[in-house]
Amino acid sequence: MNVSIVPTLRVLRPAATVALVGLIGIIAGFYANATLFTDTSPEQPIAFSHKIHAGDNEVPCLYCHVQARRSISAGVPSVNKCMGCHLEVATDRPQIRLLANYWDTKEPIPWIKVHDLPDFVHFTHKRHVQAGIECQTCHGPVETMAVVSREAPLKMGLCLNCHKDNAVENGTDCWTCHK
Amino acid sequence: MANVDRREFLKLVGAGSVGVGAGYLLAESIKHPVEHLIPYSVPPEEFSPGIATWYNSVCGMCPAGCGISVRTREGRAKKIEGNPAHPVNQGRLCALGQAGLQTLYNPDRITAPMLLQGKRGNDAFVETTWKEGLANVSGRLGVPGVATVVLSQGVRGQLANLLELFTAELGSAELLHYDFAHPHTLYAANERLFGQQQLPYYDIANTRYLMSFGADFLNNWLSPVHHSLGFGHSRQGGDAQRLRFVQIEPKMSISGAAADEWVAARPGSEGVLALGIAHQILAGGRYSGSDADDWTAALADYSPELVAEQSGVAAATIVRLADEFAQAKPALAIGGGSAANNSNGTDTLVAVTALNYLVGNIGQAGGLIFNPDPVTGPSASSRRANYEVMRDLAEAAQQGVVDVLIVNNTNPLFTLPTAAGFKEALASIPLIVSLSSFMDETTAMADVILPSHTYLESWGDDVPQPGVGFSVAAVSQPVVAPLYNTRSTGDILLGLASNLGFRDAIPWTTMEECIKDGWREIHARGEPGSGDFDSFWHDVLQSGVWGEDVRQQQDATVSKEVIDNIGVAAPEFAGDVGDYPFVLHPFMSTSMYDGRGANLPWMQELPDPITSVVYGSWLEMNPATADKMGLQDGDLVQVASMQGSVEVPVVIFPAIMPDVVAMPIGQGHESLGRYARNRGANPIQILAPVTDPVSGALATGATRVSVVATGRRAPAVKTGGESRQLGRDIVRFTSTTSDATEHSAKLNSIPISVEPA
Amino acid sequence: MSFMDRFVSGWRKHRQAATDDDFDYAWTMSIDLDRCTGCGACVTACQAENNIPLVGEKELAGGREMQWIRIERYWEGEYPNAKLSFIPMMCQHCDSAPCETVCPVSATYHNQDGLNTQIYNRCIGTRSCAVYCPYEVRFFNYYDHHWPAPLDQQLNPDVTVREKGVMEKCTFCIQRIRQAKDHAKDEGRRVADGEVQPACVQTCPSEALVFGDRKDPNSNVSKSINDPRAYHVLGELNTRPSVVYLKKVDADVV
Amino acid sequence: MVSHAIGLFHDPESALHAAGQLKSAGFAQPEIMSPVPIHGVEEVLGPKKSVIKRFTFFGGIFGALGGFALAAGTAVMYLHPTGGRPIITIPPFLIISYEMTILCGILATVLGFLISARLPVFRERIYVPETAVDKFGVTVPCDSDEQFSDAERILEQAGAEEVRRLGDPS
Amino acid sequence: MSSEQKPMQYSDVNDDIVRSLVVTGRKYYITLAIAVTVMVTCFYFPWFYQLYYGIGAAGMNNPTVWGTYLASFIFWIGLSHSGTLLSCVLHITNSEWRKAMYRSAEAMTLFSLLVAVTMVMVHLGRPWFIHWAAPYPNQMELWPNFRSPLLFDVIAITTYLTGSLIFIYMGSIPDFAAVRDRTSGWRYHLYVLLSLGWRGTDTEWHRLGWAYTFLAVLIIPLAVSVHSIVSWDFAMSIVPGLHQTIFAPYFVVGAIYSGTAGIVTVMFVLRKYMNFEHFITKIHFDNLGKLLLLLSLLWSYINILELFTAWYGGTSTEYEQLRYKLTGYYSPLYWEMILFCAVAPLLLISKKIRTSFVPMLILSIVINIGMYTERFLIIATTLSRQYLPESWRLYTPSMVEISILVGSLAMFITLFLLFVKIFPSVSIYEVKETMPKPQKKNGDRSW
């Protein structure tokens, strides 16, 4: 009589394969959800195109997102601001009519947040804009996007690498962002 | 994998799918929900997201009238701070003022006008519109000859003017301002002694010796924030000699805790004690005024020995206090609180205030300074309803003489003793209209509720009382858009006035205009050519306060008649000593004031400074007394007076006289929302209807009670543990302010570097 | 630089304990016990500023209060000579903080402001910092707190609302400090004395609380530190607190 | 074809004796299979040297250095000064070092054991189940039938209760 | 050592052990079902409730932020301390009586460690982030704080768990091989894998012997360090009553004490219900009894020292702590502990008691109740009486905590019940070693 663990391993192989496939499935499912099915470019109530505004017509970012250079939040332009141009410009397009509809009813536009940070992150636009960081560094080439999508992962590692590379004052102090 | 058979393959596919599904769901479960970015249609002028806007206004939490700055973000009030430009509080604010936000955002606010459907007191209200609500009231008011009583909380400035106008137009109407804590006795004493209509300004900041007879001036007496500022300054605020401060009262208050010396005097004997000190000052020949002989004659009966017998304070102590008081320059005596809440309240305060006269500090820095008349609105003491007035009102109502009662943000049902009969009175008034923002006890009895804004949503103005020695006025402006379908008190009155056709006398359509019109007069006081009203108004709104260096004549003389009649009668107590061995000392707590703080969760959770009790009432008792009665901390006792009884837990309190028990005011609400309702007990309810005959004020400290153990335990909820240091030197003491031999804090720091390198 | 050089220089650098000189600022608070009246304004100011939850009567009875600053009271003597002293107690931001060393995940550490941090989103809730803190000023979120609407509208957007299972404590109003630094940076200067005040200091009616940078020798707080009355509570533990108390003056003490 | 001769003995001493006999008869190193460890094998079959102690030793050294390096290195990677102590704080890091010494020592010992005992067994080896109960087996590889009969003879002489011939699996 | 009728044979050992693995009675299943039910209802349900609601489900409050969960943690870590440690010490000192009982003692170590780790999970405020306490590279570039005594714990307990697992496994390899040959089906495959193809050759025995000894040598200092480190969770704080140099030896002694008592309990149960009367005999109980007596005296000694130093030092904080411990709110528990752990074990002086099974069982349970009380008191008395008297507050465990404590016991029992059906709970080869060696048969000497 002889002894070896190989026959047993053979016997167990089907079960092990099933378990392994299941495990791989869990990982794949998790990542699939996180990457493929997470809406990084959600459908907005108005199909606003940054490509037309910031790209083709070269409207500066800070023209609409006026607060970015002096406030923690960049701010979405008010409907008022949109209408400032669109009373005159391209008033016949369907999307602009949608806008005009919001304006007439004085309803706010429920834009969906694309670049959303967790509640415990206190990011401030002001410091970054004033330090001369391009908007595109975090937001990606928005001026080429017809529909805004989240390009960068906006995870802590991204912030930290930049802070470390540029030796930001208090850049690695947790309290800089998490208050 | 080439030779995988069908079964095997299916198994693998199955396992894989289950895995993918599980992984997907796992990822889904930890996903952040979608958030929206909602822009304004048209942004308000000063709005920028992410940047705070500050609005200056006036605190409406107590009558002190502090200036506030409210921080708002994205149109919501976030924090109230003191307005640094306001001379009363100079950027500081008390806990109750901070908690003003919770009146604004209180979940139990009345959100819309309401009409009673069914029986009173059953909470059977239905919402209505403003138009209907106002029409309902003005329809009843418009009937000729209807007897109306307008019962408001103590208001000042333009709103008080408006109330005056409104009641005057109504014809057979009476206007009363009712505040539980209004210092009737203090007004009466100042009037008697100096003929002053206004409260004087106590310059605590510059005094070197402060003798306080029962006045809890650091907690809630008159203007606590201003007093605290002054106290801090005179204690450690510079090179000047440190303030010495003596507090005389039967139960240690917060001010008593801060005092250098706490003297326990029998309730009601403070006036005698003051006269004893005055006697000693005169006997020492330290008063050299022309009327010295009159004083000596008037005070002949108040030798320290006799006074010691009445007050329980040792004669030697009286002599020493008198010496200290006379020697310190400047020295200041204040009186109020427990000293004023007896049947001899006015006399007591006259005696206390006379001490200031005797050491010659009237009009001096660090002394007693007379205030000018208010620049806008009626005098702060006019139409203030004292207990006797309220009792008479109740009696009249019971006789059916009152047809309509309009209640504005005051809660007499809670702050009047049961003996006043106010509850029965309300039952016989045909129409009760409440303008309260909250469903307090009185509002719950109303027929029509026309809810008013909180002070953070309304326009208003104020002249702080007592002032700071010169003319000050402040504007309060809305800091947020109204949360609910409510209106400011002024706008409600204007709405009623417009319905009733009082156009001529009351021409305004909004309170903002009314305030502005009032302030045109103030603007006119300034030098001509100091700019137009609009820019003046803009400046006032921005700074929140206006002031003018106009001071009152400070020549004080006391008439011979007053001197001759000076004297303090023995206090009168309701209840027999045998049956009711304890004198009940109800005191206003830090957080509740007269009960209005009870619906603010922050105030409920703010521990009482001395006992650390939260969320409830308690009975303070001397340890020796409790020992004798076999009571322990946390035992539930029944406190009974001739007028009724309440059940509260005992808290052993080291600094209260053995025959006095103390209970905080403010809890024991039957209404006023989820935080206040059914919590603790209300000591006011069991007070005997004893008054100070001079001022007509309720003598809240004149009730005797018995304390009987119920055999149950219901310990008060405390945040503190053991309040003894046990030799641990947590709070350290030093005898002098500048002992150079002591260590400074820097010497305590030893960096940790001892370790193997 | 060769690896060895970097290693040696790094080793030297990291073998030294930080002192005040290593901090950008050394924020310090002084509390004058002779001025403190125990009124509790600081407590409420702190609750308003820092989104401190309402705990409720039941939880308070169970000893789960949440007050980053609290007033402690100590009685001396018996009636009629009983005396009462108040002492505000909050995170002392110790330079040798016992709580910092014990946190297994570095959720609490000492930062460049010389402050003892508490990073809520890093906290795993071992609660050991609260055990190690001799001042008992760390508070644990025993459950998720809720503010009945519309009380939640008051919440300060600059401060995170803490979830269940994390520790929290006084931060010296770091959001205000950071905002002041932000303004100072705009103007290219250091934060001036008095420019930033935590909510408790800002509101203290008797001005018992003073806040500032002890690295600035002219700041008010530096003067307080050098006051002969200055001492540290539990100074014998050598936690090197950043909160300095000034002794209460009592004429009867010899 | 290689086969093995196995003699089963009732007692360990006879088995040892048989192994010695086989060895002196010029057979390749005999193996003794037993239900309990037997003493005196080295006197008969020559001293055995184990590499396990080296594994343990170097594992421990690696753990000690690695533990300290882990603690110090990660502390330097993200500076979180705590408790007024230096970033590289020696006393606590020595504790990490100590624990890691033991952990790595244990793991290395296991590795050394597996390697030196040639476990786990993948290629089949001969085995007699009785040796796990109460028999003591002595086995030698035999290249030929002659060798096997020699071995069988020696084993039986030594008192084997039974001699089996097992083919070596190829 | 041996039964009365006829001396045991090697094969009897195999038979007995294999029978204990393969033959399972109804009683076993009933016990298992009860244990699992109790575990699920008393441990998992309350725990999930607590995860949902927050730690507030337990009775902890502000000064006493640690409670029974941590007491249970120390208790289970302590219980783990005699198994492997005792086994190692006795292995190195070549104690014969170890051999019949060490397997189950080591299993006790392993399972109580597992339960202890679970208690950590229960104790944490946010257990879903517990991985942050492990050093692994991550995008946040954050690492755990290696200065923390809690992290020492993480590392030490991981090491101890690994070490104990390996130690029990290494010792079982020959037994797995022996069982392998007698089983079939899934058990056979399981034992093939577990035995790694062990054949019992002289080389294998030699390597195993060495490796086992090295492991024993490594694990002794490890075990001592583990409980020292657990004590440092407390002793490294500056809380009066916890900040004591004696805490590490105190904890180690306490751990071995309660662990040894635990072994007595387990031995009794195994003997009674697994029919191991042949293997576990009065000698074992006698020896364990002596050990218990020694440990109890050591434990009392340290306890008295602790009181004495506190009394002699007399600082406000330490003295208050002493006073509170002896006369305060929790003092009944304190005196209960003294009675159970210091007084009751003095009965062990009597050999009669040491060698009677039921009294030993009762005593061992009593000692462990006392030791649990000790752990509870270490937390409850000290944390509720710290430096600032104003923050003193009492702590009483909630129902959730008590339920989880009961549930954790059920979890331990469940694990043990599963163990006895998978692992040979008495070491086959080492028992054989203690038996007389087979002698040469008469007349067999042909050489």
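For clarity, chains are labelled A, B, C, D and E in written order, and residue numbers in each chain start from 1.
We take it that a contact is a pair of C-beta atoms (placed from the backbone, for glycine too) under 8 Å apart; a residue touches a chain by one contact, two chains touch by 3 or more.
This one's a predicted model, so the numbers in the text were calculated from it and none came from an experiment.
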Comparison of C-E and B-E (more C-beta pairs in contact): C-E
Chain whose Cα centroid lies at the greatest distance from that of subunit E: B
Distance-to-centre winner among chains (Cα means, whole assembly as reference): C
Chain located farthest away, centre of subunit D as origin (C-alpha): B
Rounded Å distance, subunit C centre to subunit D centre (Cα mean): 61
Subunit A and subunit E: spacing of chain centres that average the CA atoms, whole Å: 51
Subunit B and subunit C, separation of their C-alpha mean positions in angstrom: 30
Subunit A and subunit C: spacing of chain centres that average the CA atoms, whole Å: 36
Numbers and ranges of subunit E residues touching at least 2 other chains: 63, 141-145, 147-148, 151, 196-197, 199, 387-391, 393
Of all residues in subunit D, the ones touching two or more other chains: 75, 78, 80, 82-85, 89, 92, 120-122, 125, 127, 129
Of all residues in subunit A, the ones touching two or more other chains: 3-5, 118
In the complex with subunit D, residue positions of subunit C that touch it: 10-11, 13-18, 94-98, 100-101, 103, 106, 108-110, 240
Footprint of subunit D on subunit A - complex, ascending: 1-6, 172
For the subunit A and subunit B complex, residues of the former touching the latter: 14, 17-19, 21-34, 37-39, 42, 67, 70-73, 75-80, 102-103, 106-113, 116, 118, 125
Sites on subunit B touched by subunit A in the complex: 8, 11-12, 15-28, 31-32, 34-43, 48-51
Interfacial residue positions of subunit D with respect to subunit E in the complex: 10-14, 17, 21, 31-38, 41, 45, 48, 50, 52-53, 56, 60, 70-71, 74-75, 77-78, 80, 82-83, 85, 89, 92-93, 95-96, 98-100, 102-103, 105-107, 109-110, 112-114, 116-122, 125, 127, 129, 131-134, 157-159
